[in-house]
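In what follows, a structure is listed as structure tokens, so that the remarks can point back to it.
Labels A, B, C and D are assigned to the chains in the order they are written; within every chain, residues are numbered from 1.
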Amino acid sequence: MTHSKTIFTALVFAALALYPVFTGSYGVDLVTKIMIYAIFALSLELLVGATGLICFGQAAFFGIGAYAAVLLSPEGSAPSLLWLLPACVLASAAYALAVGALSLRTKGAYFIMVTLAFAQMAYYMVHDTPLGGGTDGIYLTMKPVLGSLLDLDKSTTLYGFTLLMLAGVFGFLALLGRSTFGRALAGIRVNEQRMRATGFSTYPYKLAAFTISGGIAGLAGFLFAVKDGFVNPEMMSWHLSGAVLIMIILGGLGHLRGALLGAFAFALLQEFFKSEAVFGDFAKHWHLGLGLSIIASVVFLPRGLVGLPGQLKVRLMGRNSLPEVRREAV
Amino acid sequence: MTQTKSRLHLIAAAAIFCASAASAQTQPKLKVGLMLPYTGTYASLGTAIENGFKQFVTEQGGKLGGREIEFVKVDDASDPSKATDNVNKLIKRDNVDVLIGSVHSGVAMAMAKVAKDTGTLMIVPNAGAGAITGAMCAPNVFRSSFSMWQSGYAMGDVMAKKGIKKVVTITWKYAAGDESVGGFKEAFEKGGGQVVKELNLPFPNVEFQALLTEIAATKPDAVYTFFAGGGAVKFVKDYAGTGLKKSIPLYGAGFLTDGTLEAQGADADGLLTTLHYADALNTPRDNAFRLAYAKAYKLQPDVYAVQGYDAAQMLGVGLAAVKGDTTKKAEFAAALHKAKIDSPRGAFTISKFNNPVQDIYLRQVSGKENKLVSIASKALTDPGRGCKL
Amino acid sequence: MDFSIFLIQCLNALQYGLLLFLVASGLTLIFGIMGVINLAHGSFYMIGAYMAYALAPIVGATLGGGFFATLAVGVVLAVLLGYVLEWAFFSFLYEREHLQQVLMTYGLILVFEELRSLLAGDEVHGVAPPDFLAGTLALGDVMTYPVYRLFISGVCLALALGMYFVFTRTRLGMMIRAGSTNREMVQSLGIDIKFLYRVVFAAGLGVAVLAGMVAAPVSSVYPNMGDSVLIICFVIVVIGGIGSIRGALLAALLIGFVDTFGKVFLPQAAGVLVYVLMALILLWKPDGLFKAG
Amino acid sequence: MKPSDISLGVLPATSPALSAVPATPAVPSASAIPAASALPAAPDILLRGHDITRRWGGLVALDGVSLALERGTVHAVIGTNGAGKSTLINILSGEIPPSSGRVELLGQDVTGCTQPKRARLGLGRSYQRNTIYPTFTVFENCRLAAQAATQQPWQWWRSAQHCEASMSAARQAASRAGLNELLDRPAGLLSHGQKRQLEIAMCLATAPQVLLLDEPLAGMGAEETERMLALLAELKTGHAILLVEHDMDAVFRIAECITVMVNGTVIASDTPDGIRNSPQVRAAYLGDH
């Protein structure tokens, strides 16, 4: 990543680290939620942005991670993070492996719809059977702990832990992107035909990316269940799969920073349009404001929020560089 | 020495007295958090509840238990996955003293958990999920509406007494539907009836033709159903459309015909339903309420407005007992358990599980109104299974 | 289940399938033929239903009422709306990535939902079918069958044949199909593809609104109603094979039967059956049942 | 080059233009190399196609085509459009399976192998339409192609730039294809000719033993064609090259063996001189049979 990108990312994480000092408990909870959505958006970025696989069922892996956290933790005592977190990530990664193995046989819009189909199957599995506590969901009685070191029941501890996870996932995906595996994924996105001609069996690469992405989404689901202490089938509905897709497109595809920016922008836009302080009675119609700002972003930000500085530079300096090509060139 | 000590006590006592007196007059405003659906399928219910609540507050001159009321509204959009964040917004950002909400059971469950953890006072103005005053009950969580079990149980009782033997039940496969049919089955089978078949379909699917044909095939004596909103409109129209209405009488929980009669038109005529409220009760209390509501909001009040109104009443009774100090939870609860709420639907008391003990009315649809026929069950108490209060 | 009940269930399945095709027909045009991923299709359907409710009294007052008059006025308004919508929101999206269309149409869903709440309120409404279609036919001793549902099936079949004929047998249809496969090529052949796309989009919206208006008496009119039909419409278009009208019709009928008999024989799995069906079909034939056309 | 280039004028007469080509040191003139069959040592066959047939429903695209590629030779395949040349390359490279017949690579039956597996065994190919990574730099295009040989995807922490093997192979391939000055330029900005060179460079980066080239000279100017022919001549040593091409002039200068295909069948396969005088080829092109 070029110099300016690393500085920007470092600044974002520094700001997140200092934020709890300046805000009350509501601000901490809000940003914890947004960071969890950022991890969730990063998991989809690996698929859509890096590999070009548009998955419309990511909420299934998010929900499985959350439900695993509740179903696996014992009734009476607080479960230990050491085994519960990996178990949830593995559970969603396992489902991702199964779904990926089948759905990667299709391409394009058909792939989008097959992933949706498998996500709806998981949704109805939880919605209609007693397994998931039915439509009213189930409570997580005791929040996980790490020995005496870490008790996730306290919101600031959960904030710190979530920030740590976000930084870890961001770093992992950044390294992965530059590694031989990441370059192969980029090649598959740009021209899978050429990749096969030079000797890459592309199916295993795509399946590996799909499974890793499912595991990271499971991690986000786990954190969401721990934050709320309550899981509900709506966490696996296609509305959430759509919302996370909107986040990474809004932020700008092909960039990890895009997923980060998209998650924050999507959540803060909602907060802004819902706030009575600003809109008074019209806050009831917050969908209108959110919808119009999304449409505006499609019109004015063809490459998402991430592309904004590039666009401004071109407009100000008048250089008619081929932004599309120059941006990606490694 | 003792004199000075006693003088000190005197001064201290005076100080405390003034402080409490002062706080009585200039007590800070009571912040009431309204978490209701203002968008999505239940939007009209959310508005009705808010109108009912505000009407009682204005009738009390804008004060409950001697404290000015300040409202903070949040739209929950009937989405359980965002419920916890919305409640945290009210409790942690706006630090409300009382929570009022919500309509969707999933959202209400999430709210109840946060209220239980933070100890904030909460009154549920609609969601009928049994768990809120059952397995998940809490001393500071009350309900001003009903439990699904109650309306189902009452209809079971009515149909058993009518000598109906074989019944088919049909509803959406979700918690509200299961609890309503569960209550019905309990009373109906106790009265000697038999539920021959329980049909259900995935929520929110509204394609009923297949199951209506199934009902025609089993030819039961009657059908019991629970649907609400758009689903209720479509079910009643389809039921009439397939000619079943003439041959197999349809009974249901009150929501089948509440707030939907205008859309259902003639297809709903004559339908018998049970609910804790009815049109044309013509008790003085109810007529006064309906008149004031119609004048204030240019709308006819429905059961949701009544439930909002009673939530305010319950809050008023509790606050009066603790003189506006919401930290005294035990006295607040005790006052409510002793109180007799003078509601437009008819006076009701609060059970030890914090659910209304109320009369359930049998109503029949005629001329776009659910006219009162009789009292299906007198002062029916929800068993509150699983609650350790 | 004796034989007569089985026949009635088949009739129910057939009718539900045809209704599904009617609802998905607008998407077959815009997503199937033009390749635009249109998440706002549910909103168009909802607009149709609310038009049927709101226009009836207005048309009654001005043109002397009548179900078909309202229908005609509604479709004309829809085509105009479609023309303007395509010019304002879609004309510059064809060169961009598909996902930009997803973002745009997601925004449109939110905007339409809120405009509906502002203009038509949040109550549930009913729409009465025209009197001469309001009757029922006797069906066996206990049941009767609403004539209006047969009318809907008729409208659907007419629409299916019409669309199939236009798109596979006429020059206009050929140009449109060519346009969706290779936009630049068709442009270089001197065909004004921009105008052609605008016409097809407007027709797509017109058909979706027609579906909403025709189905309103059966489906009733309530907030967020578009949301519930959106996913099933995409399932139909994709199972049938993107761009294929025959495919969409067959897929709709298939889902009609699976959903109807699923509710009767496998009630606890009814919700998931449609998606299992889609997964199986797409894994067996990764490009859907039919090729384009 | 449009099919009409296969004008009669070029074929029959040993037109002086051909032999008068200034024999640049790198380009030994075609006739100087002894005909394939006359090689003393046993011929080193790297890729062989046995009786390959391919049907699309009723249409027979290839009917019983057999072909052998020998190390150190350029085997050209010429024929009108629709003769099945591209289908043949797609079958040999493993992109589409044959309806019947066998493909042997380095003595091993690879008929059932997928395209990536054959590529890793040493079979590289280029495409008629440019299939390159337009948004990557020229160097990254070659490096990613080279990476196919040494994949090790599990080393996710190591940056791809530290993978010495792929970096050096990429540098070598790029320089052989004459792209040294363009290494950091995004491939999307190259001229058409340069893109064809990049196509060859990516082929070389996988260090193949067999090269299947689908019209590498298409759309190239005279000067670029010369440079490409020089490259091909240089590549002959140590590689077996299958060349599908319409530029007759280039084919007859560079190829040791030429196969002529019409409507999916081979009507003649011989040395350039043999083809020039063969009655079947003349009949096929004159069309008076």
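Brief remarks on what is shown
Rule of thumb we're sticking to: a contact is a pair of C-beta atoms (placed from the backbone, for glycine too) under 8 Å apart; a residue touches a chain by one contact, two chains touch by 3 or more.
Bear in mind the structure is a predicted one, so any value in this text is a computation, not a measurement.
Setting chain A aside and leaving every other chain in place, the chains that still touch one another form these groups: B, C | D. The greatest centre-to-centre distance from chain C, using averaged C-alpha positions, is reached by D. Counting C-beta pairs in contact across B-C and across A-B shows that the higher total falls to B-C. With centres taken as mean Cα positions, chain D sits 51 Å from chain C. Centre-to-centre separation of chain A and chain B, using mean CA positions: 37 Å.
Averaging Cα coordinates per chain places chain A and chain C 32 Å apart.
Among all residues of chain B, those that touch two or more other chains are 39, 173, 202.
In chain C, the residues that reach two or more other chains under the touch definition are 113-114, 117, 268, 271.
Pairwise, the chains that touch each other are A-B, A-C, A-D, B-C.
Touching chain A in their complex are the following residues of chain D: 93, 95, 114-117, 119-120, 124-125, 127, 131-137, 140, 143-145, 147-149, 151-161, 163, 166, 184, 186, 188-189, 202, 205-206. Chain A contributes residues 172, 175-176, 178-184, 186-187, 190-191, 193-202, 205, 208, 322, 324-326, 328-330 to its touches with chain D in the complex. The touching residues of chain C, when paired with chain B in their complex, are 1-2, 5, 8-9, 12-13, 15-16, 113-114, 117, 121-126, 128, 136, 138-140, 142-146, 148-149, 218-225, 228, 259-261, 263-264, 267-268, 270-271. On chain B, the positions that touch chain C within their shared complex are 39-41, 43-44, 47, 173, 199-202, 204-207, 209-214, 216-217, 219, 229-230, 233-234, 237-238, 241-244, 247-248, 259-260, 262-265. Residues of chain B touching chain A in their complex: 38-39, 72-75, 79-81, 83-85, 88-89, 92-93, 105-106, 109-110, 113, 117, 129, 131, 136, 173-175, 178, 202-203.
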